[in-house]
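Provided herewith is a single structure, encoded as structure tokens, for subsequent inquiry.
Chains: A, B, C and D, in written order; residue numbering restarts at 1 for each.
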Amino acid sequence: MSDLFVSASVKPLESLDMLSPYEVERIRDRSDSGLYPLFRQCALAVLNCGSEMDCTAEVLEKYQDFDVHIVNKHRGVQLDLINAPASAFVDGELVDGIREHLFSVLRDLVYVVDELNDVCEGLTPGETLTNTVFHILRHAKSLRPNIKPNIVVCWGGHSIARHEYAYTKKVGYELGLRGLNICTGCGPGAMKGPMKGATIAHAKQRISDPRYIGITEPGIIAAESPNPIVSELITMPDIEKRLEAFVRLGHGVIVFPGGAGTAEEILYMLGILLQEQNRNVEMPFIFTGPAGSEAYFEQIDQFVKATLGEEASKLYQVVIDHPSKVAALMKEGLNRVTEQRKESGEAYHFNWQLQIPYELQLPFEPTHDNMAALNLHKDQPISELASELRKALSGIVSGNVKEPAVKAVAEKGPFILDGDPEVITALDKLLNGFIEQRRMKIDFAGYVPCFKLAS
Amino acid sequence: MSDLFVSASVKPLESLDMLSPYEVERIRDRSDSGLYPLFRQCALAVLNCGSEMDCTAEVLEKYQDFDVHIVNKHRGVQLDLINAPASAFVDGELVDGIREHLFSVLRDLVYVVDELNDVCEGLTPGETLTNTVFHILRHAKSLRPNIKPNIVVCWGGHSIARHEYAYTKKVGYELGLRGLNICTGCGPGAMKGPMKGATIAHAKQRISDPRYIGITEPGIIAAESPNPIVSELITMPDIEKRLEAFVRLGHGVIVFPGGAGTAEEILYMLGILLQEQNRNVEMPFIFTGPAGSEAYFEQIDQFVKATLGEEASKLYQVVIDHPSKVAALMKEGLNRVTEQRKESGEAYHFNWQLQIPYELQLPFEPTHDNMAALNLHKDQPISELASELRKALSGIVSGNVKEPAVKAVAEKGPFILDGDPEVITALDKLLNGFIEQRRMKIDFAGYVPCFKLAS
Amino acid sequence: MSDLFVSASVKPLESLDMLSPYEVERIRDRSDSGLYPLFRQCALAVLNCGSEMDCTAEVLEKYQDFDVHIVNKHRGVQLDLINAPASAFVDGELVDGIREHLFSVLRDLVYVVDELNDVCEGLTPGETLTNTVFHILRHAKSLRPNIKPNIVVCWGGHSIARHEYAYTKKVGYELGLRGLNICTGCGPGAMKGPMKGATIAHAKQRISDPRYIGITEPGIIAAESPNPIVSELITMPDIEKRLEAFVRLGHGVIVFPGGAGTAEEILYMLGILLQEQNRNVEMPFIFTGPAGSEAYFEQIDQFVKATLGEEASKLYQVVIDHPSKVAALMKEGLNRVTEQRKESGEAYHFNWQLQIPYELQLPFEPTHDNMAALNLHKDQPISELASELRKALSGIVSGNVKEPAVKAVAEKGPFILDGDPEVITALDKLLNGFIEQRRMKIDFAGYVPCFKLAS
Amino acid sequence: MSDLFVSASVKPLESLDMLSPYEVERIRDRSDSGLYPLFRQCALAVLNCGSEMDCTAEVLEKYQDFDVHIVNKHRGVQLDLINAPASAFVDGELVDGIREHLFSVLRDLVYVVDELNDVCEGLTPGETLTNTVFHILRHAKSLRPNIKPNIVVCWGGHSIARHEYAYTKKVGYELGLRGLNICTGCGPGAMKGPMKGATIAHAKQRISDPRYIGITEPGIIAAESPNPIVSELITMPDIEKRLEAFVRLGHGVIVFPGGAGTAEEILYMLGILLQEQNRNVEMPFIFTGPAGSEAYFEQIDQFVKATLGEEASKLYQVVIDHPSKVAALMKEGLNRVTEQRKESGEAYHFNWQLQIPYELQLPFEPTHDNMAALNLHKDQPISELASELRKALSGIVSGNVKEPAVKAVAEKGPFILDGDPEVITALDKLLNGFIEQRRMKIDFAGYVPCFKLAS
């Protein structure tokens, strides 16, 4: 991979030819209400795949001269790329998978802005959000009815150890041998490995239309560039809709080692599965990693037991260093999913029946006030506690590493959390564990917790 | 064809499985704002194909016990048809083409009502209407970019003489031999013949994906049931958008003998082609019929020359009794269309460049006031006169045959038209010609003109 | 259709590119052992489709200047056609279906001559012939395993009355509505009508891969040019293998009115179905024609009853003027075929189980000796009598109309037939009936029977 | 991978259903002239993929209880596998790629034995052999006309070092990114790596029909089990036809490090390219390996220069440790191939123009007499010397490691070679080099050359 920049014209996919002049104008619109700034940022992210950079700011800085134009030419439009990352090209030609991603991003941005009508008379706000997720997935042609549940969501860190990455490939290979498809957040690490392994297995099994679904959103796409194996790239409008897309489109979830972000995803999932209405909804949920990575899941498991109780810990299985067992368990789990959906007359292609608390559909902003308002006491339904814990975790991570939360903590002192001491202690222990395992980008030596218990 | 009724459950196409619960509710909604009444009427029309009835009221009367339910079943929804026309079934099974039409109608009704957002900031009302036509066609997957212009629109009467029908088949056959596709209003007669002929020719030419496009709208679908050869049925929201869809999607137009409706379509087309901005837009426009049907086109030709002048009559060619010549001329014309679009960088799949006067995009209501307000004088741009003549013709036809215009004329006397005497005379002659040729459902003996010149 | 000749170069299908230089040489070889003379004759026949000529000699005479060359060009070979019938071209371009037929003919000629190895150790001569039929069909990709029996063989005359032709279209339409495929001898008349009707019905039923199988052989192809709807043209080496291909590939048989040739085909079929070993083999066998054509089947029926007995007449059904009933009966019959094959573990794609007497696999030459050697007595198994009757009929037709049999009769007197008087009388009556109905090209007035009973 | 045995019934591909009863009998025939023994051996080899065993005898010994039956069932035939290697199954189901291979092997065995007619009147013996190779490839559907040259043959050892294997994957990846297809001998090591790398790259480039061609023959298939990525498995009747298939089907050749077998393949190629008639035939020929593997190619290069001269060494390029350069060079070379074939009007799908000396088409048996008869003098055309050297090398390898040549040498003393001393010395040095690099399975310590120069 060289560090050069490439400028090139990109032959459009049909989808671009099919834009109306009005839509083209929207994409060209460089004003604040226009689509151009967002499209430029996402396009750059897509073109930057294969790079090791995982920091949005760095990417934007390095490619500050990057530009993308939509120009009229030869009875249609084409994209002109200026100073694009050279790694996206082979002998001067854009890799086809990346070209496809460019137009996927465009498709979703235009659809969400222009065509999607969020107002649905008679629906609750939560139902409306779910409806939006459904419409975006349907428009992206990612809903395929009457196909037996086979989409396995893989979560985990994007910068994991080499042997952990190799392990995700092996698990992907075993899933692929069993005809299962992969859905991830579409960046590197645990999001790429399973797809790579599955690709080899799908070739061996002669699966002609394998699916490697990547679900991203504009805020993280630059830090987690989609890898070109992703055959369906979907850009959801925000992080919460992305999470909802995972659980409504996917049929089972595997979690590989990751960092605090992965822990948040686990809590999101527990917050849903612990809902009383979801008790009968089958959704296999497996944590797995290679020998040597046990600690991560032990930390999580202890934390879950300490805060949400034994009950909650029964919602997932932990399997260490056994890819074919993971895949066989997932396959069995998906058979139960199939049975359950048949019995309940539920669609295979979208999990309408799953109740997602409105709380989990809304973004959480980690201010001192919002953090203080969290209820981390045990005397509440555990699904609600799970939801609150997800927010707390999210806020603490921000307080540790993200501007402006770091700044706010520096100014106003640590977040004050209102909760039972054992909950707060468990949180503290979990975070410390991540730091010890070097799963968080943080200076261990001088670490001062950014939160404390309300007295 | 028996007169029995059939009740049956219809396995959904994927498109139905893909409806959201919210959309299903809309279709079930029997209130005035709901989709049910419209869907029931269109579904009945689709199922009534093959019948000879061409009167909406009769159809609705005969099948007053017809009903259609959307029911949940087996992990999805299905349509239950109650007391449907037996002619749509073979040995108890719904003909597949008809089943497809049912779901096409549903697709368009749901899209137009729910998803289509008519407000486009910064566009004129006319551009907005064009944009709406584009969106409906794109959503119906009828826009296929980068394919050389090959869509021939065929207009003409739905109840024509037997030898005229046979002739439309022969022309369709010759068009099909040359690889051309057919687009019609999708009913019987001149709308069915060309498709039937082309089907045989396409088979001989091994054309694997032939297109038989039918464009209808809820107001006429019951009177002109789509024939099941139609492979793409599109239901536009109203008659003006239907006409606009014809001229923006089609690449050339052939007119077979018809009645006053066909004459209106000719005037619509002339109103467009006479626009100064459209002078360089290629659009082959051919009138043709078998030996014995010359009179119809002679009447039209004389009328055009008398009102719009020689100039206007050069915009079309008349070919009598020569199917292979018609097809060869059309093929040449389409080559010119291709050249012109290439040169101007215009898309093949949608004729954005064609200027359609806003007047022609709007419905015309034939009241005494509106008729009196028409300007039928020659001292105006001929494109505008063409547009006014279309309205006059439309109004007169209503005054002759359609409640409530017939009633209004009975009460208030004939429509008073403000125009030059030769224009009014030409109109009178044209109408009389149609009646003599029995192309209008009218009692010749007692015919009293429903209009007269303002003194 | 003009009478001009066209010379043109034809882009090869892949199959031609794939010929080895050795095979190309074989086709170019104009010597007696070479393929050229046969290929030229078949190519001319294929190009002459749409013509009304049904006499091989006339066709050859008219197009005596026709030639076809295989030439090397642009990294491959192409066919150059010299003075070919203009009716095969549209605006100078060869109709694609006809182009396909040219290469189908080539495929079969090359395969039969070069690659097919007739010697199969351990097989009887009859089994070897059957094996050859199988190999040719498999090589032509006409055997498609695991598809439910749906191939309906249609037999009948190539020059039938206009209303009879219209009727064959209607029957084809009803068969097509029921998803059935058509297999015929691929010429005009009763061989073309069912395909044309089915094409329209298949379009309505959205059947994406309909089959119109035409089975011909070099001796008759010039007289019965394949119509371009035929989507699979198979050229068997001789008339007996052609008949065997019909009954092993097809799943049911419909007979339309025809002449003596059609009667022969009926006797061929009865000769098989009457075999003891075939008693349990399901094979629907239906005779049908429009009102006004009853006489033909009455003649046949009386003849069968008089010679082979009531038993034999139960093997077929006669349906007059009822296309949808014919199709519904055939559909039911094919369901029984499916059941029977399932039960017996028999393949769907080739009727291996059917016993065809070796006698019926061999050609019959109508000399006085061979005719005299026929056994037309009733005191033998009726399947054998059927087989003998087929030969007698074949010989008598030759004695009536074909050089050199006509000449031989003129010289040596009528054929002497050895049989029971009622059998001979029945034969006489059958032939006279055909002549009265003008189903044989013969001068009725001066007709003198060419056979008589041995005294 | 477990060591268990699995017995299972395998659903047939269509190809099996399409066998005639006669062909099925041939496969079941356990006599010497029957196909059963050969089929059993090849089937076992195919099922044993993924195993580390590369010794035919060991494989046959371990799976001595393996059996394969063709049984009639459910309207067709199926394969019953008894005591098959468990590694071919996932959760009890045969991997689909392996299932495909089973039927590919069957297809080729049946075709070669039954249908292929080797006698071609008028062809030389060499042309007949070439014709046979062509027919087998065409029957296997591996010839695809009119596709630009893109098949890269990869040769090299099946048991190479880990870093060498990793390198072959990288080269395959770079070839795949450039849209090139892979053809190998279909075993492990250098035959598997390029396919694996290309699979990932083809997925990224959205190449929907990538080709991974494996060419084997019954004598080596057991030692080099095809890996399941191979999408087209072709079993040639013998080693010489396999080599000819490589050079006529492939468009360029890459050689990775290997052993003496790889050296033989290089000499085979040089023997062809040095032919005067092949001077203008473009065929890129590249040797490559990772850093650390230079020695292998240096040995070869020195040997070629010492024996065949500088001229011969210009026919290949050596590239060390630079996958993208190898791929870019190959791509350029293939562009030249395309140009040359266009200019000469040569087919893309089969290299008819390449002259292969008859000597290279015939098997060589390494007896003392045959070895003594070799002409290893320099005073002859170098293409002939190359051919003789290939045989010498083949004989020496046999004398070193293969029964019965080892035994013959033990009995009769070393092979006596008749040649120039520098040729013999170069041979000796080459072999010693391989032994030092541990590229031959031989006991270095006690190595005594099995050949000497005739005095």
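Here is the rule we go by: a residue touches a chain if its C-beta (ideal position, glycine included) is under 8 Å from a C-beta of that chain, and two chains touch if they have at least 3 such contacts.
From a predicted model like this one, the values you see are computed outputs, not experimental measurements.
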Just grab the chain with the largest centre-to-centre distance to subunit B, centres being mean Cα coordinates. D
So how far apart, in whole Å, are subunit B and subunit D when each is placed at the average of its C-alpha atoms? 65
Take the average of all CA coordinates in subunit A, do the same for subunit B, and state the distance between these two points in whole angstrom. 48
Per the C-alpha centroid definition, the whole-Å distance linking subunit B and subunit C comes out as 46
So which stretches of subunit B touch two or more other chains? none
Draw the chains as points, connect those that touch, then say whether the picture is a line, ring, star, complete or other. ring
Considering every pair of chains, which are in touch? A-B, A-D, B-C, C-D
Mind listing the subunit C positions that touch subunit D in their complex? 14, 17-18, 20-22, 25, 72-76, 114-117, 120, 122-123, 127, 131, 134-135, 138, 143-146, 341-342, 345-349, 352
Listed in rising order, the residues of subunit B that touch subunit C in the complex are 90-91, 95-98, 100, 177-178, 196, 199-200, 203-207, 212, 228-229, 231, 328, 331
